[in-house]
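What follows is a single structure, and I will ask about it in a moment.
Should a chain be cited, it is by its letter among A, B, C, D and E, assigned in written order, with residues numbered from 1 in that chain.
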Amino acid sequence: MSLQIRARWQPGRDFELQLDCELPLTGVTALFGRSGCGKTSLLRIIAGLERVPDAQVQFAGQSWQRGRHFVPLHKRRIGLVFQEHSLLPHLSVRDNLLYGYQRTAPALRRLHPPEVTAMLGIDDLLDRRIDQLSGGQRQRVSLGRALLISPQLLLLDEPMAALDTQTKADIMPFLARMAAEAGVPIIMVSHAPDEVERLADQVVFMQQGRIERIESLQQVLARPDSPLFADTGAVSVLQGPLGEPDQHGMRPFGPPEARLWVPTSSSSGAAEATRLRILARDVSLSLLEPRQISIQNQLPVTIEHLYPAQQQRCLIACRTAQGQLLLAEVTPRAVSQLDLQVGQKLYALIKSVALLA
Amino acid sequence: MSLQIRARWQPGRDFELQLDCELPLTGVTALFGRSGCGKTSLLRIIAGLERVPDAQVQFAGQSWQRGRHFVPLHKRRIGLVFQEHSLLPHLSVRDNLLYGYQRTAPALRRLHPPEVTAMLGIDDLLDRRIDQLSGGQRQRVSLGRALLISPQLLLLDEPMAALDTQTKADIMPFLARMAAEAGVPIIMVSHAPDEVERLADQVVFMQQGRIERIESLQQVLARPDSPLFADTGAVSVLQGPLGEPDQHGMRPFGPPEARLWVPTSSSSGAAEATRLRILARDVSLSLLEPRQISIQNQLPVTIEHLYPAQQQRCLIACRTAQGQLLLAEVTPRAVSQLDLQVGQKLYALIKSVALLA
Amino acid sequence: SEPIRIAAAANMRNALEEIIGRFQQSHPTARVEAVYGSSGKMTTQIINGAPYDLFFSADMTFPQQLWTVGLAATEPAVYAQGRIVLWSTTLDASSLTLDDLTDASIRRIAIAQPAHAPYGQLAQQAMTQAGVWEAVQDKLVYGESISHAAQMTQSGAAQVGIIAQSLAVYPELAVHGHALIDARLHSPLQQGYVITRRGGERPPVLIFADFISSATAQQILLAHGFELP
Amino acid sequence: MFELGPAEWQAIQVTFRLCLNTTLILLVLATPLAWWLAQGRSTARVVVHAVVALPLVLPPTVLGFYLLIVLGPRGFIGQGLESIGLQHLAFTFEGILIASVLYSMPFAVQPLTQAFQQLGRRPVEVASSLGAGLLDRFVSVILPLTRGGFVVAATLTFAHTLGEFGVILMLGGSIPGETKVLSVLIYDHAEAMNYPAAHSLSLLLLIFAFITLFVVYSINSRFVVSKA
Amino acid sequence: MFELGPAEWQAIQVTFRLCLNTTLILLVLATPLAWWLAQGRSTARVVVHAVVALPLVLPPTVLGFYLLIVLGPRGFIGQGLESIGLQHLAFTFEGILIASVLYSMPFAVQPLTQAFQQLGRRPVEVASSLGAGLLDRFVSVILPLTRGGFVVAATLTFAHTLGEFGVILMLGGSIPGETKVLSVLIYDHAEAMNYPAAHSLSLLLLIFAFITLFVVYSINSRFVVSKA
């Protein structure tokens, strides 16, 4: 299943959108790029809101646009969240939410108002007029409205930009489940790396009207100079099974030869394939096996590559005993003091690990 | 200098704003609170956009509202960035930017269009119509427009929500300088903890229409359960002088007995009072003085308090030799393995430090 | 069956209503409907298919026009002669003469538009003959029709109006006196009527037309300020 | 205070039918036209926009005269109708209805165009994305959001048609029960110097119009869409 | 094609003065009224809104007659004026100007109210925050953003005043050079069955109106504010 787009669009003198790509339609696709690079424009072309001549858009085998053939938006079943709030001002919150729901054939409805409003925390707002909502409340209603048409594709343009951390944390698992379990592909614009890391299965990097690369999250994370890390630095993601908690509530992750301990935050049981997200700057290296230290996770690793220092930080790619890639970020001074070399065996000390999804 | 507000406002059945506070007007004040808690409403009352009966607003000795006395917004010289984009659609980008500038007495103008547009990266957009801008571009123009009236107070309602990391990184130092050097107090709503940590001098926490507490950033950061840390966990901020870089480009921070090494990212020279931000989860504890390890910063500390474990994490407050507070986050297992106690002397290993401002 | 439709000059209104009333007393089954307006407008309407059976004009020109283009079933016949009067609600008009119109105390004089209203032309002729036309030029205000001139005078906005005698005898207007203008000062205003081509094919219409020249009808016309031909 | 005779009742009925029909027909005609006009800025649109307003410019009787010529038995349309076995339209209710529609056209087209222009395209885009088709969008989004424009269009049309008599008198010939409307009747009474009747009927008309307008505006003001 | 005599020129001048003045005065009067009407939904507003439309409802000549009585020497206003040493307003240019303003009031007030309502308060808030005072805000923000409403108001008023003659005829008495406007002249020609003159003048009026409207709409369409 994929979304094929071919389009060339020049809305103004200074900007041209050139698209010829095939977006995978599994899970969540994050659209990432600087302000003004064309993310919103791309979504509008997918939705058919800009009817660009000669564009071709094909969604999972359905041709949405080709030559004179053009499926109008209202027949595409796309759940759309606009970048700017766009609730219908003459309708109450409830009627905004139900507008699309009522226009969805009952057989196609997979989501229903009660669960969506509860998830978004807008139960108490249903009778309000739109101008009686705060910015974040509006954004949640917009998202709810798009979800309630039980779309076959969700296009979300910065759907959580106005939300606080806690509210985002409530919504993200829901979106992840939509994509994973209900099989509704999501294409989401986001400027927040944490949202991308948390939700995305693949990331589309855009720059100046072009798609630069499309990478799986794995690939993105393995690339230390990814734009995603402008803020947090490089990240590794390890995959492996997660065991039952011990008496301290720590759960073993990975095979014995590359065992990490993960604090249990949720009460979920053991799982076969989980993902651990490890910031490179959370990984230290020690030549000796450290003792009497609070860092619980110590893995024997081999240095595979030393990246040249950038901005006083050296990135070191290590291979675990299990063969997975782990990035460590250390200072150039540490590299020279410890005399780090490719092939050297040493210990990676992992300060904190975060379980994804 | 302070902003005194006393108001009681009930815009609807379910919500009441109750304010009786005095906001300090030094530097940047962050307004932090969940969606719908009343942040925008507070700004509107300060601006005089909601003329609430019996409210009192006093700004740095000027009475803006008291009884029948009411200074209208256009005489308050407030730079306002609304939460939703609010450019004037009949004016070009240039005319939007100049609208307020031209209405500011030349003697009062401290900022001028060229520097502001360059800083915001909107130089190329000046001749555009408003509907030819992307969301982030609009937000930048709004911010520029507010700055160009050279206001005596800036009220920013999520001014960077639609911006990418890089653009934000370009703008934040500018705002920090506005507040610090030009002495323009900024009150800013933000949901992004990194923005708050980066910019704020004090944080106003709001909840359900009330101001819960007003704390300096120091205090906020010292409080491990602060709502700011819902995402990143607790943070310590150390203050001290910063020295000249060594041959690896590392700069000494703090006195010799509590010396840390900070990577130089900018070419700024030595400074007397700088701030270091250290995430508690970046701090490990070791009973022995560690050797042959990439972690450069090792401080002898004394445990001052052990917070009870929460969600598989223990927070340990340590006092440095210099007497500053440093928070370390470790697992309960580490606490029991190392048998940590109050008063114990040990080494704090600080993986990474970030220089603020 | 369809009523007898009469188009009549506005100044005929009260007289014709009474005549119709009388006619219906003697012809209880007949239905007669009259429409009043300016003669020019009605001529245009008849030319363009208006369903009028009879046309009582305020002059002879318009009926003549219909006859010429073949829209009249009968040659125009004079049914009455109009006279004009000086009338006022602010002054005692009964003692007014045309010469008084030049008096400075009279600021506004209402007449019907001479360009198209027959009574307006009459007023113009009379004032010209009396030698006051030039002098009153700046005082004149023009009504769309003779009844408008009467209304302007009635409101007091025009102190004097030169209106049809048939209007001045309206009960509403008769409370104020009027002065008849010498008939020698203007050409006689002969009001003519025709049966339209449509009316010509309808017997009841012919009966009503006959009734107009009956003594009863003539009596009524006289009583309403008309003179007989 | 004043007894309404059969003539008055007849006129009231005709007036009511005329106003109602004019308003309805006009809204139906003006809506698509205004929509088209609001979509762009081509010269064709500007020309149509100007042409729509032209009937206003002529004195009503003169306009009535021209309509009489066109719709009457010798006119282009009247003859066309007669040639296909129908009646010409002069002196008929249908005729004055057409005239009223034409004459009030700018009162409907202009406010609607303006309302559509001010609407912007976002609400329509939103409705499309939520699965609403063309007609559905119109009824559920455009109509309520431009309701103010429709109210202006409808009330101006309605009020103007109530008061209009120049065109109607000329084209309709004030035939009782067919083309004799209340305004013509009042005019008649005034002409006949029957002032009590004219005053009473005027008052009646004013009261009726006031009540209608009051109710319409009241309902409208309840639903004002506040823009945040 | 058609020679304009002095009478025609005079009528053209009067017409032009009347239309221009009516439109300007009306915009000046209607703007604050419409602004007030747009600010809320009180009963007082609804009543005023309905009352404004009422002059439309009366047949023009009848309205003219009532105005004649009120503005004339025996009327409330006319007497008032005379008592302070001024002239009453019947048969004067000022009189027909007042009548035109009154009669066209709804054409100006309604579209403006509607435009102001659709505007929302955000642009005004923005302008305030940028240091613009009341008048400044009006000129620099409200006016351009509701320009469509002003264009509708101005063109409807203008066109309607061009064509109106019932009220003017009655109240003005068609005094050449003072109250005799083009529409009255055309009417006179048509009544006198002087069709060539009526046709030519009508055509002239239509062409003039068309050009004016075309220019206004062209300029307006250039500045349409696209809502994103």
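One rule holds in what follows: a contact is a pair of C-beta atoms (placed from the backbone, for glycine too) under 8 Å apart; a residue touches a chain by one contact, two chains touch by 3 or more.
From a predicted model like this one, the values you see are computed outputs, not experimental measurements.
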item	value
Chain labels contacting chain A and also chain C	D
Numbering shared by both copies at the chain B-chain A contact, with half separating same from different	same
Separation of mean Cα positions, chain C and chain B [Å, integer]	91
Chain centre separation (chain A, chain E; CA means) in Å	61
CA centroid of chain A to CA centroid of chain D, Å	57
Multi-partner residues of chain C (at least 2 other chains)	41, 44, 151
Residues of chain D whose C-beta touches two or more other chains	61, 65, 122, 190, 226-228
Contacts with 2+ other chains: residues of chain B	84, 133
All touching chain pairs, where touch follows the definition stated at the start	A-B, A-D, B-E, C-D, C-E, D-E
Contact set on chain B toward chain A in their complex	11-12, 14, 33-36, 39-40, 83-85, 124, 128, 132-137, 140, 157-158, 161-167, 169, 191-194, 227, 230-231, 246, 248-250, 261, 263-265, 281-282, 284-288, 290-296, 311-313, 328-336, 338, 340, 349, 351-352
Touching residues (chain side chain D, partner chain E) in the complex	41, 43, 45-47, 49-51, 53-63, 65-66, 106-107, 110-111, 113-115, 117-122, 148-149, 151-152, 155-156, 159-160, 162-166, 183-184, 186-187, 190, 198, 202, 205-206, 209-210, 213-214, 217-218, 221-222, 224, 226-228
Chain C to chain D touching residues, read off their complex	5, 7, 10, 13-14, 33, 35-37, 41, 44-45, 48-52, 145, 147, 150-151, 154, 167, 170, 172-173
Footprint of chain B on chain E - complex, ascending	122-123, 125-133, 136-137, 140-141, 144-145, 223, 225-228
Partner chain D, residues of chain A touching it in the complex	47, 49, 72-74, 77-80, 82, 86-90, 99-100, 103-104, 129-131, 133, 145-146, 149
